[in-house]
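Some notes on the structure that comes next.
We call the chains A, B, C, D, E and F, going by the order they appear; numbering starts again at 1 in every chain.
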Amino acid sequence: MLETVALQLVRYALSEDVGTGDITSLNTIKSGVAARAAIVSKARGVVAGLDVARLVFREADPALRFRPLAQDGDRIESGAAVAQVVGDAGSIFKAERTALNFLQRLSGVATATRRAVDALASGGGKTRLLDTRKTTPGWRRLEKDAVLAGGGSNHRFSLGDGILIKDNHVAACGGVAEAVRRARSRKGALLKVEVEVVDLPGLDAAIAAGADIVLLDNMDDAALAEAVRRAAGRVLLEASGNMTRERLPRVAATGVDFVSMGAITHGARAVDISFEVVL
Amino acid sequence: MLETVALQLVRYALSEDVGTGDITSLNTIKSGVAARAAIVSKARGVVAGLDVARLVFREADPALRFRPLAQDGDRIESGAAVAQVVGDAGSIFKAERTALNFLQRLSGVATATRRAVDALASGGGKTRLLDTRKTTPGWRRLEKDAVLAGGGSNHRFSLGDGILIKDNHVAACGGVAEAVRRARSRKGALLKVEVEVVDLPGLDAAIAAGADIVLLDNMDDAALAEAVRRAAGRVLLEASGNMTRERLPRVAATGVDFVSMGAITHGARAVDISFEVVL
Amino acid sequence: MLETVALQLVRYALSEDVGTGDITSLNTIKSGVAARAAIVSKARGVVAGLDVARLVFREADPALRFRPLAQDGDRIESGAAVAQVVGDAGSIFKAERTALNFLQRLSGVATATRRAVDALASGGGKTRLLDTRKTTPGWRRLEKDAVLAGGGSNHRFSLGDGILIKDNHVAACGGVAEAVRRARSRKGALLKVEVEVVDLPGLDAAIAAGADIVLLDNMDDAALAEAVRRAAGRVLLEASGNMTRERLPRVAATGVDFVSMGAITHGARAVDISFEVVL
Amino acid sequence: MLETVALQLVRYALSEDVGTGDITSLNTIKSGVAARAAIVSKARGVVAGLDVARLVFREADPALRFRPLAQDGDRIESGAAVAQVVGDAGSIFKAERTALNFLQRLSGVATATRRAVDALASGGGKTRLLDTRKTTPGWRRLEKDAVLAGGGSNHRFSLGDGILIKDNHVAACGGVAEAVRRARSRKGALLKVEVEVVDLPGLDAAIAAGADIVLLDNMDDAALAEAVRRAAGRVLLEASGNMTRERLPRVAATGVDFVSMGAITHGARAVDISFEVVL
Amino acid sequence: MLETVALQLVRYALSEDVGTGDITSLNTIKSGVAARAAIVSKARGVVAGLDVARLVFREADPALRFRPLAQDGDRIESGAAVAQVVGDAGSIFKAERTALNFLQRLSGVATATRRAVDALASGGGKTRLLDTRKTTPGWRRLEKDAVLAGGGSNHRFSLGDGILIKDNHVAACGGVAEAVRRARSRKGALLKVEVEVVDLPGLDAAIAAGADIVLLDNMDDAALAEAVRRAAGRVLLEASGNMTRERLPRVAATGVDFVSMGAITHGARAVDISFEVVL
Amino acid sequence: MLETVALQLVRYALSEDVGTGDITSLNTIKSGVAARAAIVSKARGVVAGLDVARLVFREADPALRFRPLAQDGDRIESGAAVAQVVGDAGSIFKAERTALNFLQRLSGVATATRRAVDALASGGGKTRLLDTRKTTPGWRRLEKDAVLAGGGSNHRFSLGDGILIKDNHVAACGGVAEAVRRARSRKGALLKVEVEVVDLPGLDAAIAAGADIVLLDNMDDAALAEAVRRAAGRVLLEASGNMTRERLPRVAATGVDFVSMGAITHGARAVDISFEVVL
């Protein structure tokens, strides 16, 4: 359903950017003039969002021909052309800014993800990088796909497809055991139960309560390593909080199953990608 | 119409984040339990998006009471509470992440804008900061409002409400004079005409062609100063390209009327804002 | 988000039933005439959909007062009033049929579920009843809530929030072990993996492959009992196929964790519920 | 406009069932693997909804080729294939459940209708079967088309395209004559006026008042026969209430013009139709 | 459902007129300044659309207070105030143009209708004025309500709620008798059948074929009078084509039941209504 | 974006006119019968809306072939065919009325515009005709395009893309100078500022305040001529109010830059255009 989700946003984005018509091009360029444009990266990174860009051009004018020169997830150098588009000049100008706005942001997410994944890998081991729900409102599906393009893995998509018990839920239930018990209730009978803890006694309690996964929040490397020892494979372990790229190799070395980082989405910087047109 | 535009996005964002229901809270927290939450900034900056956050809570549950403790545009210190929300705990948890995702990004835009505006002001003079169309697709109205909150000014909203003649338009018309003439045509008869140029001869030609505004693209400070001298008030001047915060005081000193920067939107970093709940 | 999902359907349903206006009432009843109506069940069953009915009346006319006399999940006898509505007669007539059409169908689902749950309980043990994706298109959230009202549990909501490996997936992967390995991939890294099997060797293979849950399709009671013995708690077991209410106690006695039945949704009969108006 | 109405529901239904993506197939089946599936009935009945099923596959993936092997209204035996679909395996799996959920329910309505129509015909005479407004909210157009497929006729589509005066309307007007007079008013000046009555004096009054059609509610066969005699062709007669398939031949023998039955829609049982895939 | 239909159009109309915000008022008028405005007619006529105007102001700002000083259908003199609105000045300016655009056009329709109805009445007899489907696309419900306000009656709302057999339908069926027979088919079993004819033999054939209503197209007054004689009450008669206000009394004198005129909608002139604001 | 805007309206208009199906054609004409229709003007005028008509037929049935025989803006004589459509008869009948309703109204706007433009031209000089915001709600884009087709120019599209300071804004600011200053604020920093005045002192004040354009409201020809002399090219001048076609040549002779007339949209009469079908 990528296309369905993206299509709504693409259509809205075009209407937002084009407004009542590209008044400059309509006044200055004859309808029917052909143009050719290259979409070129001005920086190193990982590209993502090419399918979205394709949709932008198709929605702006189904007669435009969009040819990707790379695939989502490819590493690109500065100067590399990632796509080409050919067709009516007015249509291309109408779609240009919107297509770039998508590509720049999504490539930014893929690039940030790839850097974190590579940092984890340099620490050895099998630790996988997870995204979070700290995404741009309206863009979750797109940004989560960009995370996959960057080599990361997806955590739950929404509050409806995963159980994550935090301190407030525990407090409301009078204890983690009761919280886990209630979470395994009729609604969501078959989902994994994840419990967030802040220290090792919390981990012990979560395991005793029957958690499937434990989120270790804001713990230092030594504590993470000890958590791996104690869990001994009985639960999956996810480390979160205060993650920097420099620290990731050390976290990977502790042996946790997952690291989750909001910064790969909300902190990603747009990749500088530009448009070169030949009339 | 802020509310109308934002409302669509807010509703979609909530449905995206809540999915088929906050399965964790539904299973662990009794309906009707009251809670109180503070929204607290973890960093210095300028807040924006409080009206959007209010909409998020209202859409999640009209019975929630949202009380802003600051106004869009206020400078805030780390630790400052910017709003409070009181009501049903399940409703608050349902809206929390979406509200923060909006606030963090929009405050990021306002903060980046304020820093650039302050840098311009430190150079003396009257140069104003403009935004661009390099906004997050779907968020243009919101990000442009955040630019205002940060002290910036708005450039055109869409391709439909401003004329900006670039090199391709000039090429298609066989010259800037003809391009300006066509731009002043029946569609958009009353709009100002802006022409983008890359050097001083371009400026001269644009003025001769009757432009109202000239965009000086990627020119150095000396060239900008010379452009101000040559224009002598006959047109408004907008400088763009290669703008860094360090350079802004020098650009302001040249006397250009406007500086436009895409980085205040596409390059803004989210401000770290968090949620503190008391059941 | 019940309200959000239901609201769209409720609004469409009203527009579908009212068309260009209730021409009979508009022509014969003066605007402003008050009426009182009782919603009365003509059969035994379990009521569900009262919140949806409330939405129908509110959307038809916000001034109508709807008072539920029962809660979703309550067992009701023939003749029992489940709600009362008071207000403008024309508004009540406009909403009547749509409200009943919702209540009759959702109460039918709750009733069918309750009968199956009671049958399972009479077999002793802890076996829980699950729903399926065999729901009325457009009604999934509503029917799954009606299943909860009837005492059942929810299986996955959509293809996006649960992994269920069937024979075609196994075939495409060249074996169940590879299918499970791939399912635990980056997209959906934290979901449980369920594997559908048709015999005991299949069960053994699924357990060896690392499944979390095994769906035992179309197996007889003896095979189910043997499956429970072999699994020995290493995986959750779900029995499906050829379930009749008569058989359910015997299935419960085998000790499987879950039974899933499409018939509680697609085979549910509407409960006869009617409207009694006093002008 | 079948397509327009159905399209909205089909799109919503697919999004509802697919959610954020068919995570199982996406992880286990390579994009581009071709498959062929047959849609096979497991029971006798009358098929309906093939056009809707076609829309489901087209919306899921326009490249799928859907070939119907029967037409809406055809009687089918258990084991009969009603359609074939060929194309990308992942696309087929994505659409399968939704297509079946539509086909099963709509074929159920056509089957129930056909049985009632056949029962009426066995009683001799020209009595036609009408549907009612007791349809699944959101499905009225689809279910009314399924009634036509089963050999039935359509009563009014909504409150806006037919006048049906019930006891409450009569009460509000102080008598049936006044109610009919008002109904023939400026809004709906050209529609037929139908009056619901519960006994023979009611019929006499309705005829005297100028009704075009009289609905005989809950009257026994003798009363229906007498009504036909009294009306003597001056009005059309519709019998309703307490209709069972066993009784229908006797009702047809009374000579009423129409019988209306809510049970052909709200009481229809889904026909068991299944999917057989070959990769 | 007036409100539902009108609401969509009102919202779109506001967004269309306000665009990205009333930039003039936002820049020049402080938020919170109160204003009072009168809506005043500059011409004689019949007012309609007051409920729509109310919706416009409510949607622009729910805090505005709108007080109608007349009712739809009232005759008004030049200089008469038809409504008053009080509240935030910026909100009033935002809604002003859209409210007037609705009121002017709908009052124009009511005025044109009233003039035609009065002309018919001056001819004596009971002939009623009908509207047609020649309405502004998107405005049918609104314009048909304005026709009622002007004293006219409504013909069918859409192609779906009335049968009107024209020459092409007759040709396709090989004769009017067969066309009427087919029209009385399963779909639309209970609707009246109207047949369009161009001369008296056509009328005879239509009556013989069993039409309920006959539309006499483009016939002169003598022919209409003869048609009334021949029909002798067996069918309703509707005259159409070449109707001018001057001719209407003579047409009424022929005794036809209805006259239909497209000009009361597509040819209506906007009534000049203006806005007088006091800050 | 013409297509996007028009498409929504076209779809709604079709659903409004077709309702639950063209019951007459469905009952009387076999599916698959081919027909050919000509769209013929019954009056002189200027045609507009052909692209919208094309959309209507495409949305009704993508298989219909629509061939325009004229272009928007062409002058047409009575009897001229402006388009031809070929395909399934039922589809053509379904779309006919809606297509005509669009064409008649939009051609009416183009015709009224052309007459006013011609009248201005006959007065000599360069005065251009502008439209206003007095358009049919929901139709602004379409009617403004029809104005272009008739040879007119477009004033601002919405309140968001132009600044027009009226007396209330001046009053709220305590003077025109302050109003102009505020209007040149951060929101809309680059738009032209237009000020409405009612006499020559007002014009002087507006020029002194720095207006770019001055709207001369309800001034007579002598005053307009004097205004042109005083302004001496420092601002653009727009005359408005009490414009009749007879007066336009004299207004043109005064030398004002623009005349704006609401009557070309809200007062336009539909051009009589009809449909001729051959089965």
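Here, a residue touches a chain if its C-beta (ideal position, glycine included) is under 8 Å from a C-beta of that chain, and two chains touch if they have at least 3 such contacts.
A quick note: this is a predicted structure, and the numbers were derived from the prediction, not measured.
Trainee: With contacts counted as defined, which of the two, B-F or E-F, has more C-beta pairs across the interface?
Mentor: So, comparing the two chain pairs, more contacts are at E-F.
Trainee: Select the interface copy of A-B from among C-D, D-E or B-F: the correct pair shares over half of its contact pairs, counted by residue number.
Mentor: Selected from C-D, D-E or B-F as the counterpart of A-B: C-D.
Trainee: Any idea how many Å lie between the Cα centroids of chain E and chain F?
Mentor: Between these chains, centre-to-centre, one finds 23 Å.
Trainee: CA centre of chain A versus CA centre of chain C: separation in Å?
Mentor: 33
Trainee: Whole-Å distance, chain C centre to chain F centre, using C-alpha means?
Mentor: Computed value for the inter-centroid distance: 53 Å.
Trainee: In angstrom, rounded to a whole number, how far apart do the mean CA points of chain A and chain D lie?
Mentor: 46
Trainee: Using the touch definition from the top, which residues of chain D touch two or more other chains?
Mentor: Touching at least two other chains: 18-21, 141, 157-158, 160-162, 185, 187-188, 191.
Trainee: Quick check on the complex: what are the chain F residues that touch chain B?
Mentor: Listed in rising order, the residues are 128, 130, 148, 151-157, 160-162, 185-192, 194, 212-213, 236, 258.
Trainee: Can you name the residues of chain E that touch chain F in the complex?
Mentor: Counting only chain E, the residues touching chain F are 9-10, 12-13, 16-30, 33, 35, 89, 93-94, 97-98, 100-102, 104-105, 133-141, 157-166, 168-169, 171-173, 179, 182-183, 185, 187-188, 191, 266-267, 269-270, 277, 279.
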